[in-house]
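Shared between the two complexes below is subunit A, which has subunit B as its partner in the first and subunit C in the second.
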Partner chain A sequence: MTGRRTRPRRAGARTAAWVYVALMLFFLFAPLAVVLAVSFNPTANMNLQFTAFSLRWYHQVATDPLVVAAFRRTALAAVVTAVVSAALGLTGALGAARLSQRWRTVIFTVPLVPLAFPALLFGIGLASFYHAIGAGFSIWATIAGHVILALPFVFLVFAAALERFRFSLLDAARDLGAGSFTIFRTVTLPLLRPAILGAMFLSMAISADEFVIAFFTAGSQQTLPLVLYGRINLGVNPGLNAIGSVLLLITMALAFFAARTSVLELP
Partner chain B sequence: MLLAPPTIYFVLLFVVPLIVLVAYSFYTYSNFNFSAKLTLSNYMQALSNPALRAFYFRTLKIALGVSVGVVIVSYLFSHILMYVLPGARRILYFLVLVSLFGGYLVRIYAWRTMLGADGILNGLLVRLRLISHPAGFLLNSNFAIIVALLNFLIPLGVLPIFSAMQNISPKLLEAATDLGASRVRIARTIVLPLTSRGIRAAFAFCFIATMAEWVTPQLLGGPLDQFVGNQILYQFGQTLDWPLGAAIALTLIASVVVMLGIISWLLRLVTR
Partner chain C sequence: MTDTSPPVVRLDGVTKYFGPVLAVSEVCLEIRQGEFFSLLGPSGCGKSTTLRMVAGFEQPDHGSIFIQGTDVTERPANKRNANMVFQNYELFPHMTVLENVSYGLKIKRVPKAEARHRTEAMLETVGVSGLENRRASQLSGGQQQRVALARALVNEPAVLLLDEPLSALDAKLRKRMQLELKTIQHKLSTTFLYVTHDQEEALLMSDRIGIMSQGRLLQVGTAREIYESPSHPFVADFVGSLNAFPLRLDEVTGLLGVSRLGQAQQVTVGVPGGTQPGTFLQVAIRPEQVRMRPRLDADGAAAGADGKECRVYGMVHDIMYLGPLTHYLVDTPALGRIVSQQLSERRAAPFRAGDNVVLSWEPDATFALGAAGGTAGNGA
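Showing the complex of A and B:
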């Protein structure tokens, strides 16, 4: 036959495709761009009529003790969620890697349940659980829930990394006389470094951005998204754009690093 | 055994809380408190209350529409990335992936500032002389809710559809091309059936997320534009009737599972 891989496409089709892609990305990023842009506008209006570039709202927000406390809690939640979910996810993925094919199918289906499970139901379930066992609501109650949300992503990242992992290297290390801990520290851990970093960035992004679970379990120990929500309900306040922008830049940066280190695997 | 720690954690903080929720849905509520006297009346109320039913069908209508919309937009986008603009595939997919994890609440809030009476969209429309006065229907309306839902669900739709398309062997498409199949025919008889799973996953993600949504209607909808989720929240936050809230939530999830089964079966027929 012709031997052509694909027939040449008309230039019009490519142009139309670019227009479609550009419109979709514009739609996806427009709200984020607007919040960022308005946060630097010194006047208190919400339309994009700029008078000057100013850090007025950032200054206002940075000196607001409520916001600063919420920022600290959000950071704490993100870091603890990342460490705990990475530890649990890595042990789980290492355990699953040596199972028979049939059990692996089961193990790989389980994480998909919390992944698709509605946050509202998990949130009221957690609230009911803490109520039933008499534990109060706090940032730690929220963190315990965030670990559940991050765990499926972390597990899938590690499972993908272990697909390519050469377990024969561990056997070689053992034959050379290394103990289990030495093997883990000097072979397994360095080889999985990109996956571990990627999974931790991802969990941090999930935790920092999370709202519904925190809403039901944090009580008075509000995180940054909760402060944002509370103030949105109080009415439009331009300082909100600064809080939103900070939150946005942090989660986007974390997601960016996560995608770069491990999640993005394209041929 | 290495699987034990994550399994124990998962059971303790995911499975057990849901069991507690089921248990609470049978508790008896009176005077802003509830006790362990088991009853079915919460479920009776959840199923028979006409106001709840209205909110339920409202939510269902929007969830179906939004999910179909997300699937179509994401499918076209994935198709373009794979077959029309393969050179830009990496960077475009990367952008969508990054937007997936950024700012759930911030996005909703952004639409408030964009669609409000003194917001950017109205300002633009007035300046372009398309309308003389700022339009009030943009915010606190179904329109605002749907726009915001599409905005944060599209990346979630792209993910499964794109990865399904990526798994199709290029050799299959080359063979079809060499045998003289047209591009449309390849898209219909090879790519569509092989991406059926991805389409169904994308639909399920969006449908579940929208059926149980409450933040978007609360912040962007009017008083009559609320979802079932807001009613659940109302029971948990205002009346403190947790048993009724739990019963509404559990009937909601049960109906979502049944409907997804039916929709998934229909989608399989359509994409065959």
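Showing the complex of A and C:
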């Protein structure tokens, strides 16, 4: 986005840029579009010969108790992950923001390390850890893993928001008689609302389509991606496309809201 | 000090370190009821830190702070009967003007109707009624300034603390706000503690001024006292402008020292009792006190040495026209360059560069800044 807008560009360069972006978007979204399209195709053989528009497969999965239960669990995991990681991330970032520049750099860098860690190893490690402390495998074990996974992203969102945050406004509130909790409720929270919403949508999106951690820790309480994977092992079925499409749309909507809320500054 | 009412704010030996740096050093100060008191000094002199300690945002390392006779040194900012107008206003961007100004009243659980009434009355007082539903970002700098003022004043604080509140405004608006602030202060008879680095602002608005430098409070007095009888070289130099020069006293008669500079030139200056002839002093004269006339052939031969009027000869080096005033830069063999400030004449200056002139001033207009060379001690 930091292109040199002020410099006049040659028309050829501009066209090339548009072609590049169009191709990129095509390769990015074409497979997703296929999944989406096929999910509305009533025939059982998965090809791109459309006969009619049908919600047959959606009806099939919506009446499948296993899928419905998994969908509920996924929703639960997403919401709890969002709330917990936002709460932890916000308090952590608020604390870190009060440190000196040097320590702040350290605090804001350390949580990024897990991002570079292979997810598979992280999942196995988490499972071994649960086993070692005697905790069983369940959706809650998965949620704990999702919180850990989402936390670096959430932390980054808050760190960026706090870079621009005018802490002197808190002084103004205190000067007008507000105690710490009132200041948090009436000034800090409303001013950070875009960042909080953005962080929550982001962590929901991360949790909703997460596979590896759920695979190792959910046990019998499977989430939607796990059910999807299980079904693929039983043979490819257009119903999978319906599940995949739902998952896709939810994740994209969340990502969209995440981007929108954190980029848009409330007046 | 005929005022017998207890001070609204009292600082008693207040000292503050930032790490190893001494920011405020043993400041003692009393601010009276209804007074417009300014802390004046260059940036980094500790004036803002002092203000923030009164507000409760900084804790003094030593000393005590009293507001209305109560020791508030240990009290947090939200439990002090003082409100602040911040340099950048710090209006809450997510609230309307009305919500901003009534914030303090809401915290204090003032009944809604009364809060609304007081808020609107205060907005009226500061001259921004009709903007109640705007947000801070939709206001001009001057309007934000007024809203910030209203937000603090509506709480009816014992003392209003103002941290360079006009520094973000342009010169014209700034001048207007200075007068308005003074008017509002008068109308509400609230005690104002005002921090500024702008000497003109402090002289114009304040009942009394405290001059700070390097964490120390050097002098407290009215604008006239500060300007005409500075008790410290820094005060003399910081407030107004100065011609300063070293002087060797040839005669001391009582409390008046005289330096004879030859050809009927002389400078007289008030000195402490017991000062010996031969003492070197650093002395100063304000440019507007220095009169100027053309030098005649008779000058130098004539007496004048009998009179106590100070006079030196010189040649006009340069002329600086400043609109209402003109500064003449005069090189004098006896004292170096002296600036004489005159009211501007219409059409043309009465002197030209190269003119020989006589500079003169009243004997008591000269004041001593201390021993020459800046070190204490008598004699040479």
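Brief remarks on what is shown
Rule of thumb we're sticking to: the second predicted complex is superposed on the first by the 252 of 267 C-alpha atoms of A that agree within 3 Å, B and C clash if a C-alpha of one lies under 4 Å from a C-alpha of the other, contacts with A are read in each partner's own complex, and residues count from 1 in each chain.
Assume contacts are C-beta pairs under 8 Å (C-beta built on N, C-alpha and C of every residue); 3 or more make two chains touch, one makes a residue touch a chain.
Here the structure is a predicted model, which is why all the values come from computation and not from measurement.
When both complexes are superposed on subunit A, subunit B and subunit C end up sitting side by side without clashing.
Counting the residues of subunit A that each partner touches, subunit B and subunit C differ, and the larger count belongs to B. In the superposition on chain A, A:V187 contacts subunit C only, with no contact to subunit B.
Within the superposed three-chain model, A:A172 lies in touch with subunit C and out of touch with subunit B [touch as defined at top].
For the combined model, the angle formed at the CA centre of subunit A by lines to the CA centres of subunit B and subunit C equals 110 degrees after rounding to the nearest 10.
Judged by the touch definition given at the top, the superposed model places A:G145 against subunit B, while subunit C stays out of reach. Of the two partner chains, subunit B is the only one touched by A:A119; subunit C is not. The superposed arrangement places subunit B and subunit C with a least CA-CA distance of 19 Å. In the superposition on chain A, the residues of subunit A touched by subunit B in one structure and by subunit C in the other are 266-267. Those residues of subunit A lying in contact with subunit B across their complex are 1-7, 9, 13-14, 17-18, 20-21, 24-25, 27-32, 34-35, 38, 45-49, 87-89, 91-92, 94-96, 107, 110, 114, 116-122, 124-129, 131-132, 144-145, 147-148, 151, 155, 202, 205-206, 209-212, 216, 225, 228-229, 232, 236, 240-241, 244-245, 247-248, 251-252, 254-256, 258-259, 263-264, 266-267. On the subunit A side of its complex with subunit C, the touching residues are 166, 168-169, 171-179, 182, 186-187, 190-191, 266-267. In the complex of the two chains, the subunit C residues touching subunit A come out as 55-57, 76-79, 82-84, 86, 88, 90-94, 103-104, 107-108, 135, 137, 151-152, 155.
Chain contact summary for the complex, subunit B toward subunit A: residues 1-7, 9-10, 13-14, 16-18, 20-21, 23-24, 73, 76-77, 80-81, 84-85, 88-90, 92-107, 109-114, 116, 118-120, 122-123, 150-151, 154-155, 166, 173-174, 177-180, 183, 204-205, 208-209, 211-215, 219, 229, 232-233, 236, 242, 245-246, 249, 253.
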